[in-house]
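One structure below.
Naming follows writing order (A, B, C, D and E), and every chain is counted from residue 1.
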Amino acid sequence: MQRIGVFVCHCGSNIAATVDVKKVVELIKLEPGVVHAEDYQYMCSEAGQEKIAVAIREKGLTGIVVCSCSPRMHEATFRKAAEKAGINPYMVEIANIREQCSWIHKDMEEATKKAVILARAAVAKVNLNAPLKPGESLVTKRALVIGGGIAGIQTALDIADAGYEVDIVEKTPSIGGRMSQLDKTFPTLDCSACILTPKMVDAAAHEKINIYTYSEVEKVSGFVGDFTVDIRKKARYVDMDKCTGCGVCQEKCPSKKAPSEFNRGLNKRSAIYTPFAQAIPNVPVIDADYCVKLKTGKCGLCEKVCQAGAIDYTQKDEIITQKYGAIVVATGFDVIKLDKYDEYAYSQSKDVITSLELERIMNAAGPTKGHLERLSDGKAPKNIVFIQCVGSRCSDNRGKSYCSKICCMYTAKHAMLIRDKYPDVNVTVFYIDVRTPGKNFDEFYRRAVEEYGVNYIKGQVGKVLPQPDGQLLVQGVDLIDNKQIKMEADMVVLAAAIEPESSVRKIATMLTASIDTNNFLTEAHPKLRPVESPTAGVFLSGVCQGPKDIPETVAQAGAAAVKVVGLLAKDKLLTNPCTAKPDELLCNGCSTCANVCPYGAISYEDKLINDHGIRETRRVASVNSALCQGCGACTVACPSGCMDLQGFSNRQIIAEVDAICR
Amino acid sequence: MSIKENEEFRPKIVAFCCNWCSYAGADLAGSSRLGYPADVKIIRVPCSCRVNPMFILRAFEKGADGVIICGCHPGDCHYSTGNYYARRRMTLLFSLLDYVGVEKGRTRVEWVSAAEGVKFSATMNEFVEKIRSLGKNVRLEDLRCRN
Amino acid sequence: METAAKQADLIREISGVNPYKCMKCGKCSASCPSYNEMDIKPHQFVSYVLHEDIESLVNSKSIWKCLSCFACVERCPRDVKPGKLIDAARQLVVRQKGQDFLLADEIPELLDPDIPQQLLVSAFRKYKR
Amino acid sequence: MQELISRIKALLADKTVDRVLGWKAGDMPYNPEPAYFETEEDLKDFVYDGFCGANLSKYMIEASKLEGKTLVCLKPCDTYSFNQLIKEHRVDREKAYIIGVGCKGKLDIDKIKAQGIKGIKSISGAEIDGAADTLKIDTMYGEKTCSYADAMLERCHVCKGKEHMIYDEIIGESKDTADGNRFDEVAKIEAMSPEEKFAFFQKELSKCIRCNACRNVCPACSCRKCVFDSNKFDSAQKANVVSFEEKMFHIIRAFHVAGRCTDCGECSRVCPQGIPLHLFNRKFIKDINAFYGDYQAGADVDAKAPLTNFTFDDIEPGERG
Amino acid sequence: MYKIAKANLPALFRLIAENQELYLPVNTADQVNFAAWTEDAQVDLDKLKTVKSPKDVFFPQSENLYSCVKDGKKISIEPEALKEQNFVVFGMKACDIRGVEVLDKVFLAEPVDSFYKARRDHGTIVAMACHEPEESCFCKVFGIDCADPAADVAAWMIGDELFWKPITEKGEALTKLAESLLENADEAKVEAEKTAIRSIVEQLPYSDLSLEGWNGDVLMDKFNSPVWEELYKPCLACGTCTFVCPTCQCYDIKDYDTGHGIQRYRCWDSCMYSDFTMMAHGNNRTSQMQRFRQRFMHKLVYFPANNGGMYSCVGCGRCVEKCPASLNIVKVVKAFQKQGGSNS
C-alpha cells in the first residue's frame, strides 16, 4: 500500500470559488492509502511545492495526488517537485479539477462532488503507480526546416548561427516564399525584395545551411532527437553544379505559355524558368508540363544554347534520406480560392483582383512592370474600390471564421501607395472594422485617411456588377450615413482571406503534429508554448500556426530557432518512460502487437523462459523502449494481456474506472 | 446530494480522452468555460487505441451508464495510426454490444481535436442527454455493485 | 397580448436566426435591391430583434418592401440572414390576421421552376396583405 | 479409411513422421477421442468417421514442441485454423505433415439424441467411405434411423467448402455440405428489437457454467494464459456469480478472436449447455466482411488481419455498413 | 404408496411452491437443468439426465460467505445469512442422491460447513426412478439401484401416473402437504417398473465395468503409472467434467470489489484448471497430466481411502456425454484394465 498525500489547489479563486476545497480534503482523507491531505492557495507556487516536499519528508509519502489544473499544465512542475523531495516523479498524478471541473460547473455542491471523484480516481491510480525511470536517446545535431519563406529562412539562419546544421526543404524552385511576391511592406513601406534578398543570400551562403529547393518531404519516421526524413528532390532537368545562371535558356525557350506562379498567373513564363530574377538558387527548372522536348521529344533548344551543358532531360526524382534532431514547419499560406464569392465578379472581370495580385501589378518585376493599370485594357484606373474581409470572419460555409489579420494593414498600404504615386486616383475602402494593433499601425492607417485622402466607408459591398463598357458597378452600404451606395469603379481589389498552404495537411500527418479545423497547426499551449507543436521535436514558424505579419513571423521564426537550438544543444534526451512492457511469461509470440506498432518498436526473439519451473525456449515479444512512444495500440491488440503500458497500465486504468463508477 | 439533483436521473459517464487531442480539447472547453454536466468524468489515456474493450465493459459492470471515447481526428493521431485501430475496434465492439441488446447510444466515439473545445462541450452535452433519455444501464451491470 | 420579449423570441424561433452572430458588416444592406424603399434597413432588423423592438418592425414599411430575393440570406457572412428575420416579422403579422391566405388555385400557374420554394412562400405572405 | 491407414503406416515406417495425430475409437459408437499414435500396433484403434468432429489443429501447438514431425489429419475446415496458427507463430509448419482428410459433414450425437434416440448400441452409416444418407441406429429400445443431414453439426450446414487450405497430401474425398446461409441466424437476431436481442442472449447465456470448454477447444484461443485466468485486468473469474460475468467473458472472448476466428464451430460443438456460441463470432465475421471487405481468417497466411489494418475512410463506430 | 396423475403435477408443484421453494428439472433454451419452479417454467421430468447435476441446490456454483462494508476507513463485516427456509428438490435420480451423500462426507464432517448444512437441513428430496437408463449410465458399478432411489420421498413415473412413496419424516410431512392431490395406490405397478428398469440396467454397456484393482493399497502404483501420460493428452483442460459432476466439491474463495466494500464468495473450482490451488509460489501441479491424474485419483483412490471405500464417482455418465474430447472416467478405468492390473 502506498502512503499517499493529496494536495488540493485553490488556484486563487479559479478552483476554490466553485469547488469546496476543504470538503475535498476532508473526504479524500477517507480513501484507503491517503495518509495526508491539505489545501493551499497556489500549489504550483514555490510555497505550494514546498508543502509537498515537507509532507513527503514528514509523512513518508510514497505517492502524490495534486488536485489542480490540467496535467498538461503543471504535471511536470509537480513531478519535479516530488523528485526534488526524494520520490520518483512518476509517483505523482494530477486530478484535473479546474479545466474539467471548477471551470465548467456552476453548482458548488455538484462541482465539489465531482472533484472528490476525480481525486479518488487519481488516488486509485497512484495506488498502483510504480516508479519509472526515463531512458536516454541520442540527439542528431541537425535540423530540418520545411518551407523556405521568410519564416523558414529566418529560422534556418538563427539555428545555423548557433552552430548547427540546417536543411531547408522548399517545394518551389526558389526560396523566398510569399514575401518575395510583395512589393512594399507595412508600416514602413520598405521594399520587400530589398530586405528579403539579403536574407536569402545569407542563407544560401551559410556554411551550415543546406537548401533543397524544388523538393518535398516524402516520409517522416522516428521521434524527437532522431527523426528520419525522406526528401524527394524533384527532377529539375538542370544540373545545379554546372548551371551558371546566365538565363539564355529562358530567353530562347520557345514554349512561353505557362502561367507564371510568381506573378499569380497574371502573365506567362517559359517552360524552363527561374521564378524571379533574384531566385536562389539561380538555377532554372524545366516545367515538364510545358516543355516541348519532354512532351514530344522534339526541340531541345535549351540544351543547345546552354554553354555550360547543364541541361539534362534524363534527370529523375531523387530521394534523399537524412536524420534530424528537430523539425520546424514553416509552410506558410496562400490566399483562399474565390469561386464561392460570385457577387464580387472575380471570375467575371479581369479588373477584380486580389490584393496579392495587386502586389504583383505594383511591383516593377510584375506583369505590368510596376504600372498601375487595368489588366483588361491596360488603361490607368481612376476609381479603385477595396473590399475588406472577403472570406475572413465568416461563419457560413463559404469562408474562414478567423480574421486574416494582415488585410487591414496591407490595404492601407496599397491605398496609400496608390494615392502617393497617382494622386488623381480615387481610392475607396469598404471595411467592417479596421484592425490595427501593432507598433505604428494605427498611425499608418490614419495617415492613409488624413494625409492621403483615402475614403474609408464603414460598410460592406453587396455586389460588383461588370458593366458592358468595362466599368464595374459597386453596390455597397455606408452604415454611418445609413445609405446604400452605388458607385462606379474601374478596379476592385479584394482582401481575400489567407489560409494555410494546402500541403500542410500532408506534412502534419507525416509529423503527427496536430492541426485545427482550419488547417493551422496547433501549438503545444496557446500562450506558454506558442512555437512548439504538441509533438515533441516539431516546432512551428510563421503563418502555418496562425495569421501573422512579417515582423511577427520573423519573431516567431527566431523563437522556434531558439527552441530547436535548445534541443540540439543536448547530447541526450530523456525518453518517456511510459512505454509498453511485455510480461514474457504470458507472451504467446503471436506478433499481433508488432503488427500494430507504428514505430517498429516491437521485435521477437527466441528466449529461454522459466515459467514457474517449466523451462522452455519461447518466441516472445520485446520492446525497444527508445523507439516506443507509448501509444498503447499493442496493449489492446494483445489478447492475453501480456503487453501493458507503464504509467497507464491496465490495472491503473481499471482502478480509475472503478473509482469513477463507484 | 441536493434534493434537486435527486429528482432526476444522474447518469455515470466515463469519457476516455486521448492525451494529445481530446484531453486538450476538454481543457480548452474548460478554459473557454464551455460547460457540460458533471456526470461526465474523464480518464486520460495516451491514445484512443489504449482503450481496451475490457475497460468499457468494466465501466458498465461497475455501474456506468454510458462510455464515450474521444481521440484525434483520423489522420491526426499523435501516434500516426492509433485512432485508426481504435476506430475499427470500437466499430466492431459497439456493433456487438448492439447485437446482444445493449442500447445503441450507450457507447460513442467522437474525434475531438485540441482546438475543438466547443465540439467537446457540445458532444458531452449531447451524450449526457442521450444517456439520460436511455436511463440506467441495467443490461450490462453487475448487480453487486449497485448502491 | 404578447410581450415584446415573447415576440422577439417568436421571431428568433420562426426565423431560426441567432441575431447575436451579427458582426454589423452591412453586407445585407449593401446587397439589398429595395434598400431605398425601406424605413428600417436590413442590417437594422437585427438590432431591432436584439433590442426586442418588434412593434416597430411589424409596423415598418420594410417588411412589405422586401422582395424576398434572399440576396442578404445568401451573402451574409455570419449566417444571420436578415431576410429570414424580415420574413418572420411578416409571418407574425399574417398570423395575427388569421386565416387570410392565398388559396391554392390562386397560385399562378406559370412559375419559374428555379424559384426557391421559400421565396414563393414569403411572396404569398407578402402579397396577401 | 483403409487407404488413410495404410498411408499413415507407410509414413511412420519410413520415418517421414514420428507420430500421428488422429482419432482413436471410443467405447461408444460416437465418441472417438483425439489421440497420438506412434506405432503400427497403436494404429489398430485409429478411426476416422462422421463422429471425428474434433479440430486437431490446436493440438499441433503442443506437438510442435516435440522432437520430429507429427502427422496430423486435418479436415478442410481445420486447415483454416492451422493456417491461422501458422500466421500467429503458434505452430511450426516444418514440424507438421498434414494429411488433408476427406469430409462429408460431421455428426452431432446431441442432435441424434434430441430425436429421442437413446440407449445407443451401434450406429451404421457414419463411416467415411461411402457414408449413407441415413444413419441406422441400433438401440436398447429398438432400431432407429436418422437422416445424415439432420444429424450434422450446425457448422456443416454452412460448410466453408471442400478445399483444404494447406496440406502435404490429400486422402479421401470431401463434399461441400452447405445448405444454408452462414449469416442467416445472425441476421435474424440483428432484426430483433434491443429487448428481444437482450432476452435471447440473456436466456442462452444464463445456461453458461463457465466451464471454459469453448475457450479451451478454440484454436484461436491459444493464449498461454487467458486474461480470464490472470490478474492482468483484475478479471480472473471462475464462476458465473451474476449474469454480467458471462457476458463479459463471451463478449471479450469473441472480441479477442475477432478477425482471427475461422468459424470452425468448435465452440458450439463442445458447449455442454448447447449455447450457440458461434453466433458471437459469426457476428464479428459478418461485420468485418461488411465494413472492411470479405475476409476469411486462415484462408491466406499473408493477408493482413482486419484488426491490425485500417484505411483512412473506415466507417465510424456506431455507423451501419 | 400414493399416486398422482401426470396431468395433476402442475397443481402439485403449485401447492408445494406455495410456501417454499421448489427445484426441479426445467428446460431453458433447449437444455434441462434443475431450477426454481415458476408458473411458466417448462418442467421436463422425462429427460433422464439434467446437464448439470442438482448438486448446486445444496452447493451452489457460487455463494457469498460474507461482506466487508467500507465506510471511510472503517470496515465492518456482515456475515451472510444461512438458509432458513424449507425447500423441496423434485426429481433427483439415484445417482444424484449418492452424489449428495458424497458431498455430505465432505461438508458435514468436522469442521461442518454451515452453509451446506443449513441447506441440507431445510431440503426435502423427492427422488425419481430412472425410467429408461441410457448407455452412458454405470451407476450399478457403484452399487446404486436406479430403480429404487432412496430419499425423503421416492417416485416412479409410470405411464401417465406418478407413484409416490414417502420414506422419511420429511417425506411424510411433504406427503401430508400434498395429501389433497394424492390418492392411494398399490405397489404392483411400481414393482413391475423396478424389474423392467433393472433388466435394462443389466444390458447397459458399462454395467459390467470392473473396479477391480482400484481398491486396497494401490495409491503409489496408480499414481506412478505411465498410463496417465497417454490418457491425458486429448484433455483440453476445461472444467466441463467437474462442473457437470454430482460429486466434485472443490471450490475457490474469491473477493469481489463492489465499490462499496468487498464480497467474499466461494465458487466451484476445477482441478483441471491451471490456476487450481494456485499459490504465491506457483502451482503444486504444474502439468495437465498431473491435473488430469488428480481428478481421477481423487475420485477412485484418495476419496475412498478416506471415506470407508466410498468412491466419489456415482456413474451418472454426465462426463461421458459432455467431455469435448470424449474423455471420461470409464475410459480411464478401462485403460488401467487394459494395462493389465499391474498392481503388485
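Assume contacts are C-beta pairs under 8 Å (C-beta built on N, C-alpha and C of every residue); 3 or more make two chains touch, one makes a residue touch a chain.
No experiment lies behind these values; they were computed from the predicted model shown.
Engineer: Trace the shortest chain of touching neighbours from subunit A to subunit E and give its length in steps.
Structural biologist: Counted as steps through touching chains, the separation is 1.
Engineer: By that same contact rule, can you tell me which chains touch subunit C and subunit D alike?
Structural biologist: Where subunit C and subunit D share a partner, that partner set is A.
Engineer: Looking at every pair of chains, which two share the most C-beta contact pairs?
Structural biologist: Greatest count of contact pairs is found between chains A-B.
Engineer: Give the label of the chain whose average Cα location is farthest from that of subunit A.
Structural biologist: E
Engineer: In terms of CA centroid distance, which chain is the most far removed from subunit B?
Structural biologist: In terms of C-alpha centroids, the chain at the greatest distance from subunit B is E.
Engineer: Going by CA means, which chain is nearest the middle of everything shown?
Structural biologist: B
Engineer: Taking each chain's centre as its mean C-alpha position, how far apart are subunit C and subunit E in Å?
Structural biologist: So the centre of subunit C lies 82 Å away from the centre of subunit E.
Engineer: Where the centres are mean C-alpha positions, what is the separation of subunit A from subunit C, in Å?
Structural biologist: One centre to the other, that is 43 Å.
Engineer: Could you work out how far the Cα centre of subunit B sits from that of subunit D, in whole Å?
Structural biologist: 37
Engineer: Starting from the mean Cα coordinates of subunit A and subunit D, work out the distance between those two points in Å.
Structural biologist: Here subunit A and subunit D have centroids separated by 54 Å.
Engineer: Which residues belonging to subunit B are in contact with no fewer than two other chains?
Structural biologist: Expected reply: 52-54, 58, 62-63, 75, 81, 85, 89, 142, 144-145.
Engineer: Name the residues of subunit A that each touch 2 or more other chains.
Structural biologist: Each of 596, 637, 650, 654, 658, 661-662 in subunit A touches at least two other chains.
Engineer: Can you work out from the touch definition every pair of chains that touches here?
Structural biologist: Those chain pairs satisfying the definition are A-B, A-C, A-D, A-E, B-D, B-E, D-E.
Engineer: Applying the document's contact rule, which stretches of subunit D touch subunit E when the two form their complex?
Structural biologist: Subunit D reaches subunit E through residues 26-28, 31-36, 54, 59, 118-121, 140-141, 203-204, 206-207, 209-213, 215-217, 225, 229, 236-241, 269-270, 272-275.
Engineer: Touching residues of subunit E toward subunit B in the complex: what are they?
Structural biologist: My answer: residues 256, 258-260, 263.
Engineer: Subunit B touches which residues of subunit A in the complex?
Structural biologist: Contact set of subunit A toward subunit B: 70-73, 96, 98-101, 103-107, 109-111, 113-114, 117-118, 121, 505, 508-509, 512, 514-517, 522, 534-535, 578, 596, 598, 629-633, 635-637, 645, 648, 650, 653-654, 656-658, 660-662.
Engineer: List the residues on subunit A that touch subunit E in their complex, please.
Structural biologist: 30, 32, 612-614, 658, 661-662
Engineer: List the residues on subunit E that touch subunit D in their complex, please.
Structural biologist: The touching residues are 28-31, 33, 48, 51-52, 61-62, 132-136, 200, 203-205, 230, 233-234, 236-240, 242-244, 252, 254, 256, 265, 267-270, 273-275, 320, 322, 324-327, 330-331, 334.
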